[in-house]
Structure formats: structure tokens, C-alpha cells
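Per-chain residue numbering starts at 1, and chain names A, B, C and D are given in the order in which the chains are listed.
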Amino acid sequence: MNVFGNILKISIFGESHGDLVGITLDGCPAGIKINMEEFNTDLARRKSGKIGTTPRKELDRPEFVSGIYQERTTGAPLTILFRNQNTHSKDYKDFLQQPRPGHADFTAYNKFGGFNDHRGSGHFSGRLTLGLVATGVIAKKVIFPVFVNAELIEAGGMKDIDQAIQYALRKNDTIGGLIKCKVENVPVGLGEPFFNSVESLISHIIFSIPAIKGIEFGSGFQASEMLGSEHNDPIINKEGKTETNHAGGINGGITNGNDIIFRVAVKPPSSTPKKQKSLNLETDQIEDLEVKGRHDACIALRMPVIVEAVTAFVLADLMLQEQKVPRVFE
Amino acid sequence: MNVFGNILKISIFGESHGDLVGITLDGCPAGIKINMEEFNTDLARRKSGKIGTTPRKELDRPEFVSGIYQERTTGAPLTILFRNQNTHSKDYKDFLQQPRPGHADFTAYNKFGGFNDHRGSGHFSGRLTLGLVATGVIAKKVIFPVFVNAELIEAGGMKDIDQAIQYALRKNDTIGGLIKCKVENVPVGLGEPFFNSVESLISHIIFSIPAIKGIEFGSGFQASEMLGSEHNDPIINKEGKTETNHAGGINGGITNGNDIIFRVAVKPPSSTPKKQKSLNLETDQIEDLEVKGRHDACIALRMPVIVEAVTAFVLADLMLQEQKVPRVFE
Amino acid sequence: MNVFGNILKISIFGESHGDLVGITLDGCPAGIKINMEEFNTDLARRKSGKIGTTPRKELDRPEFVSGIYQERTTGAPLTILFRNQNTHSKDYKDFLQQPRPGHADFTAYNKFGGFNDHRGSGHFSGRLTLGLVATGVIAKKVIFPVFVNAELIEAGGMKDIDQAIQYALRKNDTIGGLIKCKVENVPVGLGEPFFNSVESLISHIIFSIPAIKGIEFGSGFQASEMLGSEHNDPIINKEGKTETNHAGGINGGITNGNDIIFRVAVKPPSSTPKKQKSLNLETDQIEDLEVKGRHDACIALRMPVIVEAVTAFVLADLMLQEQKVPRVFE
Amino acid sequence: MNVFGNILKISIFGESHGDLVGITLDGCPAGIKINMEEFNTDLARRKSGKIGTTPRKELDRPEFVSGIYQERTTGAPLTILFRNQNTHSKDYKDFLQQPRPGHADFTAYNKFGGFNDHRGSGHFSGRLTLGLVATGVIAKKVIFPVFVNAELIEAGGMKDIDQAIQYALRKNDTIGGLIKCKVENVPVGLGEPFFNSVESLISHIIFSIPAIKGIEFGSGFQASEMLGSEHNDPIINKEGKTETNHAGGINGGITNGNDIIFRVAVKPPSSTPKKQKSLNLETDQIEDLEVKGRHDACIALRMPVIVEAVTAFVLADLMLQEQKVPRVFE
């Protein structure tokens, strides 16, 4: 199921070492001004090349091939392509015999009878998130003046992220991280009971991003240790503002007008430079495995903008359904 | 959006103090033996009346009004109704003026322009989960011999649950809890990339259950503090068995044949017997609020069976899509 | 797939000789006044008892069991039940061995491995359309002042319908009919390219009604014999009014502001009182078959109101998507 | 809604005079052999250049940019692009002021607030069907040995098609046509009651193709004039073969094992070379309109292969759901 959304829908496609990765956004309101430059900011936040990220360098230049005319959205499906250029597929050949621990090598091989494109993890690659980020740029315009902001607040358990990266590099290993996302200026009433609660939709798409292991809203796991009288957020004005925000801005699955707050746990990249053990399917022996290819020491560094993008997408879809945004912009 | 699922679909309806709550299960394979008695076990696990739960007593007797003939599923939609009998609606009248903190009173009122049925929280009531549990009984048969088991492993932060309940009652307050769910005997290959990863679908429906604040798979939030070399699960045999299970049985969103493991955080019930503060919308003053009605000190006590039910539903839907269950049983 | 619609969704359930038939309407705007009496008019138009229709008499009294509070829709799913009372199931026992020509006996038996409820055609019965008619009453309020009107314009090829019925009864046989549907006061811009053209959605649900064999919009099949210069409808004012209406009110799948016009062909009921031939699956011989049970000589007599109902439903869904109706009525 | 299908899904995008048109096929079984040459046969049947069709010549060469590896489908989304090369956009400039009768100019302008790409009819162009034909080539492999065949059986009301084209050219006008589609070797049991009857799904997608005005299954509109005893198809063997096939191979919305038969009415192209009248929105006068651009005298000539393609797609989706095709080919 490579399609997600209700009124607003995204279709994702492409492979890491194929021709391209891309996305089609359907149901986007007409008349939204598209400035090609605006995409650079968000795409740069996802880009590799910084310390702690993969040395694979890609231009990551979006090609807008449909749904835009005279620099505005037309209401027709908007397709964005990203060419793959810097691919080293031979690094991946051996993973057919010896599936990498923590990767989709084994599961994809089994699900698709060995016909999956395994090069660079194929359709399972984090490279697929490029389209999500591009979609997010548009979604952020749809939901304006609602504002989504995500940041990495911990890496490898440390609050000083630079230090954490140094630690990982020194250890010749990889580390995970913790991302916090805050949505400000949220209207009351988003979320569709029973099954499309705001938490349901956000968690659904967040867990589509590779490497996510957990999500919690507001007080989250800590709520399980609190008393009801501590946890409840007293309402203090007619707009629904609450004194505290343990609910993370959501009651009964519907936004209450306070900031939406959630945190996301990112695992350390499975492609650690450290030598590992894994079964060789051909010899049926557990053997040493060295993961070549070019990988991230801390993929979480590149993920806040992805978290923002998919959150903006979910909110845009809910706001369209709640008729809080026009079908045609002017 | 009160409909969920792909091949297998559930439609949920009803209100806490209306005539009934119910569910329709569509796409269920034909020929499954339905023994009315079997539903009692799971429904009893959700039932109130035990210490720490609400004194509202309901028969919770399922009426099967369609989709079953000669004690077998027919392939047509299967509708199950539960009559409401023991309702005290007058307890809820005041919450229109003074919305209860932590409840959907304020959000539902705003979303539905005041036309929502607020009695007993209406369509937002935990009573809606009755249908989910009944559906789960059937879903568990569909996925057999896959086996789902959930249990409450902590309440109010304590591992001794009885002691936790005593603590809550003594404090005249409510407490949350932590539920662990394990799925055994899982086939390799369930989950539909990119958007219908197993984690995406399970978290989507888990967050539809009232009072859930967080979910984590496998190592979960702890993963964010681990090194890649610690977190990776070495594959040790051709069936994909791994030495450890930090992945929680899922790689790349697809089941890897190991147990699916996840944990769910449940908040303390918002209806604490303690006096609270909340805005009175009529006087525009923050005033004392006493939540009458009959409520649970620890709703998490009743929730493991609900977690099992929705998990079994998601797996049944994925197994049908992957053609791991027949369309017609015999 | 017993669920249909996008923002507005219906779930249908029940069997002809089971406990009940019913429907759940999800996504209905809150605040719509529901007057129980109003349903009688439309339900009466579908009712049997008139000459040319089955002598099976049912009260057809709707029970509204959820989604309504203080005589208004609440925004929660609205479920309507119709009890079955006057059932003669023994009339249907033999059709397991000797499937009735033109009926779903053979196909349903094969699809569901013999587990389908075959009594009175089970889930395939025209009785399922009761829920559609009830939904239509609400949908007509949602789309107001858009107005849907359908009528039987021919039966058995004759324009004088009374005469046609007399002919059928005299022949001891059944006849089909032709229904014309007109929608007035349609806003410009309904319909969602590419796949949810107005024609696509209307035809989808029209062909869900049992016994429909064809549908044509505007000039329909005659268009295939016309010249372009004859067929084109010249636009004559700024609102898009056209001189002729060969397009049936739709261009490019989108309403153009003129009346939507379509015609539907209804086959003669398969349950003719005439003796027929059909294979006896037990003897493997082609044998005489007499269809007992109580049936309609011309089911088309009862169908205009069903055509109106499903058309109103489709338009309501499209108008919600196009934000031409509020999410909350007042 | 530019997405269609259940297990198998297509997303369509592109404009007639933009960069390209394309399609993404999701849910396609893995392992299907893709021979680039095979696409040529079906694409050639849709191609222009023959007498009676537009002189716009396009290479119509499919670029497969994802979902294929080593000449086989991978199970990941399969995206196919067709570059636009031979575009004359200036021919379309005037249609903003003076919308062409019979076209989507007026409706699209209104729906999308004037932001739609109107050049060459933009997203409403018949050129979008290129992707459908390419998808059809794959769908035909999925459903093998089920076989779909469509042909033009009448044009402008005449059975001699060449003569009909000559007539249209002589008249300096355009003509419509009648297409008959037959599906052979159909398994019993396809179709999902209540709403996804085979007729519902086929008509839904058929009416997405531009220029379709009607569809009828089996005896179709003629059924409305027949007696039940004439219309019923006696079953003559255990496989469900019937003596006649008035039902068009479908009973109760489910295939009965006989050939599926339907007919589709195609209107004459709205872009007639004849001078027409239409409102000039700027002058508010009804003025002469000459449609330049390059157009088809009989678009129905190019449509049988499109009808086949979408029919094959619907059947593939239903066969996957009914588990009549593997998820992985070998």
C-alpha cells in the first residue's frame, strides 16, 4: 500500500539505486504558489554530507513534472521526481546470501519471492523519504498559519548532539535519537473519530518512515505512572487553552487548540561499520558480515524535517476534511 | 472515519447512553464456526465490576444480527449489537457548561457544533470497544495458529498491580498502566510497504482506543540510546529466527518470523473522583468540578483484551492480503 | 466490499430472512433535523403491496439506533435497522440443489463455498435497498436545494405502465423497465477527476442495486450515432447554461450547472411464475423449476426512489468534498 | 481522486501539454516478466496517425522508472512515464475566454478557480489514457488465462466503420461509436457484494475514460423490454454454463463463469472542425467558435484497447482479492 491519505493522497514510488524516487500528491488545492527555491531549505535539512551522515552525495533536485502551471498548483495530481545519480550497487550484491541484521533484506526477499530490487535497500531505502519532504513543503503552505516544528533533542541518549556523534564515530558504530515535534496554532476540532484520531493518523505515517521504533503524545509513557489528578489539564479559557499540556493537544482523538506535542524514537542505523554476525543462507553457517556501502552514523540527524513533512501532510488532509482550508487558493 | 481496514473492514457505531453500541465486520471469510459461548471469555476480560473498575454493570451480551447462518460466517457483513441498559444520563448534564479536563467534552462540542450526544461521553466512550473485542474473537480464528497475547505489566508505575489499585483507591484518584502485547507464530512477510507497515497499522488502530498515549515496538524508546551493534538482531537460521529481538519481529515494516512485541502506555482515567478545576463556559470563571458518574480507577485493567482484539484484526487483514488465509474456511 | 463513499460512507448489512437489514451512515454532518415521519414518504414509494409487486408485506419501519440525539444528527455514525418479520424461508430450500436462473444462487454458493445464507436470496436480496432509501432521505437534506427526481418511464417496453403490468400478469410472467433520473439545481464543479467522475460514482452505486443492466447519461447510446456538431451543447450564459443538454449536465466528469440526466435499464425479475428449466446439481439433469416464494411482476415499479436515494448520496459526498455543504448544520 | 483500485491501485498524473503523462501501479504481484516489446502492440492500437484520428504524432514510448528489476516486476510500485513532445499549446489560448462546447473548459475553469492547466485540455485530455493502456498490458498478464477483447462494432451508427469515417470526413464533422467488450475464460465468483459488483467496478472505471456516455451489460437496455422467462439464462452444466447469456456473465454482481459481455457508447469528439457557437465570457456575447488544434474525427477508433486495459485491471484486482492469482509469480 504505497498510497496514503483521504482527500489529500500521496503515492510513493522508486528505488534507491533505480532511475529515481518520486511522489504524486493528489487532491492538492489549486492556486498555491510554488516557488522552486522554497524546496531547497527543507531538502537541505534532509541532505547527507554533514558529519555523522552518509558520504553518498546526491543533488536531490526536485523535478516537478505535473500539476503545476504558471508557478501555481492546478488541482491536478502533482508529481515530483528525484533522479538517482550517485549509486554504488555492487556494494549490495552479497546481502542476498547473507541478509544484513536489522535491515529489510530477509523480509523483502521472502515477501517478494526474491524479485525485489535489493540494491541500496531498493524501495525500502530511506531515500524514498525525499518525496515526503517535498510534499511537506506544499502541505506546510496548505495548513498555514498552523506551524510544525521538529527537532532532534537527543542522540545516543545524550542531549549534546555533537558530542553524541563524536562518540559514535569513536566507537566505529551507529547511534539512534529522539525527535520532538510541536505543532503550533492548531484549530480546535481536527481528527475524525473513531479510527482517524489525530494520534492514529500521525502514528500511521510516522511508522512508515524507516527506523522509527516508538511514538508518544504529550505525557506519553510517563502518563502510565501518573495519577489522574496530575495528568488532567485544566481548561482556563474559552478557546480551550489548558494550564498544562499532558494531553499533547489532543482529547478524544480531536485537537483541543493547544500545541500538538509528540516524540519519536529513532533506532541506530542497522548498517554499523562494526563487524557483525549473520547467517549465510548458502553455507547455512553464521559468518562474519561487513556492511559496505555508504551509511549514516546517526540517521536521526536527517529526520526532523521528514517528521515535520508527514505531520503537515496529515494536518492538511484533516483541515481539508474539516473545511478549514479552501479548495482553491487565491 | 468510523471505518477501518482494507480487505477486512470494521464499521463502528453507537453511543454510551444511546440504545446500543455495535460493529459490522465486512470481508470476513465464509465458513468460520461461531460458537456464541466463545465470546464470553474475551468479553468477560473487558467487563467491569472487578475492583478498580466502574460499578456500571452491563450484560454485554452480543446479538449477532447478520452474517451468520447455521453457526458459521456466511461471507456477508457480520453485525454485532450490544444493548445499553444501565445508563445514568443525568450525571452528565453539567459537562456542557463545564467541560471535564482530559475528556472529549470540549473538543466534541466544538467539532460537532454542540450537536454531539454528550451523555456518558457518547460516541467517545470506552464502551465502543465492546464491538472491537467481539470482532477480535473472530479475527483470532482467522489468524490461527498465530496467537496474540496482551497483559498489563505495570499500573501507576508499579509491577504489583493489586498494590497499585489499592494505592489509587487510597489516594481517591485514578492511575494509568503499561500493556505488553506479544504475537507468536507469525509468518514471514506480513506488512505492505510503504505506508502499511505492520507498525503503522497496529499503531493506527491502537491509538483509536481511548486513553492510549504511546506505543513502542521491540526495543522502542530504548533504541534511541543504543549502539547499532547492540541493537541489531543476528539472524541464526533459515526461517529468520534472530538471537535477540530488538526489532520486535518487524524489519522494514514487514514481519520477520519472530514474535511481534510492542508496549502501549495507558493514561489514568480523566474521571478522577478528586475535585478538579475547570472553566465554566457560562460564568467564564474557573470553578470546582466534581465528576460524578461511575468510572474506573484504572481503565488499563480492562484493556489487554482490546489490544489483543485490534492486533488480531490487523493481522487478519494483512494475512488475507498476503493470501495466508483462505477466503472460505471448511 | 459492503462499504461505499469517501467523506460520507455507507456500510450495508443484513439478509432477507435473517433478523434484520440495516445501514450505517458515517461522516454525516451534525445538526440535521431528523423527523421520523419524513422517512415514511420515501419508504412507501419502495414498498410492496401495490399491484405488480410482491405480496410479502413488511412494516419497513426504521429504527434509528445511533447517531441521532434530540432529533438531530450528532456527527457520529447513524445506524438504521429494519426488522424482518414476514419471512417464508422454506420456499427457498430447494434452490441449493437447483439454482434459479438469473439469480445469485449459483454464484453466491460458489463464491462462499456454500456457507452463504440463501434464504430469500440472503444478502443479495432487494430488501437490502431499504437502508439505501433511508440514507437517501438524509442525503436529500444534505444536498438541498439540489433536487433529485426519478421516475419509471417505461415498463416492458411500454410507456403506459398500468397497461404493461396488466400484460405481465396476463402472461403470467415478469417485466423490466426504464427509469429516468433528473437532478436539478446542481452547482458547477462537482466530480473528482480522473477516476471519480460524476458518471463513475453514480454508475458504481447504481449497479450495486440488484437487477440493473445498463446506464446512460444525457444522449447516452444515441450519442454513438450523432455528429459532433449535433451533440455539442452551446453555452449560452455565464452560469454555464447550455441550449441543449446532450451531455446530461456533465463535462469532463464534472457538473456543468445544467440538470444531470441519466437513464437506467432494469431487467425483468428472475423469479417469473412461469415454469423454467435449470440444472439439478444433485441429479445432474436439466429439470423443471417452479419458483415459489413471493415475488414482484415488475420490480422496476419500486425502484425510482432507490435510484434517487443513491444519487443523492453520491452528490452529498461530492458536495462535502467540494465544501458546498457545511460540516455542521444549524 | 486520481487513485483507483483496492489491492491493486493505479495513480494517474500528467497533462496533455506538460512534460509528461504517467501512471503508478501499486500492489502488482512480483515476478511478472516484463518485455518492453510487448507494450508496443497495445500502445499501437491506441496510437493516432490512422485515418480518422488526430495528426498529432507522439512516440508514446513508455519509460519504466520504478518497480522493475532484471525484467521482472519487483512487488514495489511500478511507474511508467510518457514524455509529451509534439505540443502546440498556442492553439488553446482562446478557450479561456470562449469555452468549447462539450469540453471540460468551462467546468475545469470553475472547479479549479482558473488555475487548471487548460493547454490541450490539460489533465482532462485523452492522452492520460496512455498510462491506462500500459497498465493494461501488465494486468492482462496477471489475469491470464482470462482473456479480454474489445472491438469497435459501430461508428456513427454504421457497422461498416471505414464507410463511417469517410462519411464524417465528408461532412467535415466528428462521429461517435459503439464498443463491445468480451471477457473469456472467467472464473466463477469474482465480484464483491454489495457495492463492488463486477458491473459497479467496470462501469466506474469505464466512465473515467473521456467521451463515454453509456454502458450496458449482457442484454442491457433491451432487458427492460423483455419478459422474465425470455431473459433468464438456463444453467446447463455444473460449471454454470448457461444456454443464453442475457446476464452478460454476471449474476448478483458476481461472475457466473460465462463470458462477461458489455457494450460502451462513445460520443463524437467535441472538437468538430465545423464552426460552432459559444458564449464569449469577455464580451458576454454568443459568438462563432472555430476549434483549432489537432483532433480526432472518431476517437472511438482508438478506444477498444483502453476498454480492454481498464477491464483487465478491474479483473486483476478482483482475482487478487479472491486469491485466484499468486502474490508472487515464478
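Assume contacts are C-beta pairs under 8 Å (C-beta built on N, C-alpha and C of every residue); 3 or more make two chains touch, one makes a residue touch a chain.
Small disclaimer: the values here were computed from a predicted structure and weren't measured.
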| item | value |
| --- | --- |
| A-C or A-D - the one linked by more C-beta pairs in contact | A-D |
| Relative to subunit B, chain with the most remote C-alpha centre | D |
| Same or different residue numbers at the subunit A/subunit B copy interface, by half rule | same |
| Whole-Å separation of chain centres (CA-atom averages), subunit A against subunit C | 44 |
| Euclidean distance of C-alpha centroids - subunit A vs subunit B, Å | 26 |
| Distance between the centres, which are taken as Cα means, of subunit D and subunit A, whole angstrom | 36 |
| Set of subunit D residues in contact with two or more other chains | 1-3, 6, 12, 27, 76, 111, 123, 192-193, 322 |
| Complex contacts: residues of subunit C adjacent to subunit D | 1-4, 6, 12, 99, 101-104, 106-108, 110-111, 121, 123-124, 128, 154-157, 168, 171, 173-178, 188-189, 191-197, 199-201, 203-208, 210, 212-238, 240, 242, 246-248, 251-256, 265-272, 274, 276-279, 281, 284, 286, 300, 322 |
| Residues on subunit C engaged by subunit A in the complex (per definition of touch) | 6-7, 27, 76, 192-193, 321-323, 326-327 |
| Subunit C-touching residues of subunit B, taken from the complex the two chains share | 1-3, 9, 11-15, 18-22, 24, 26-27, 30-31, 63, 65-67, 69, 72-79, 81, 111-113, 115-117, 119, 122-123, 328-330 |
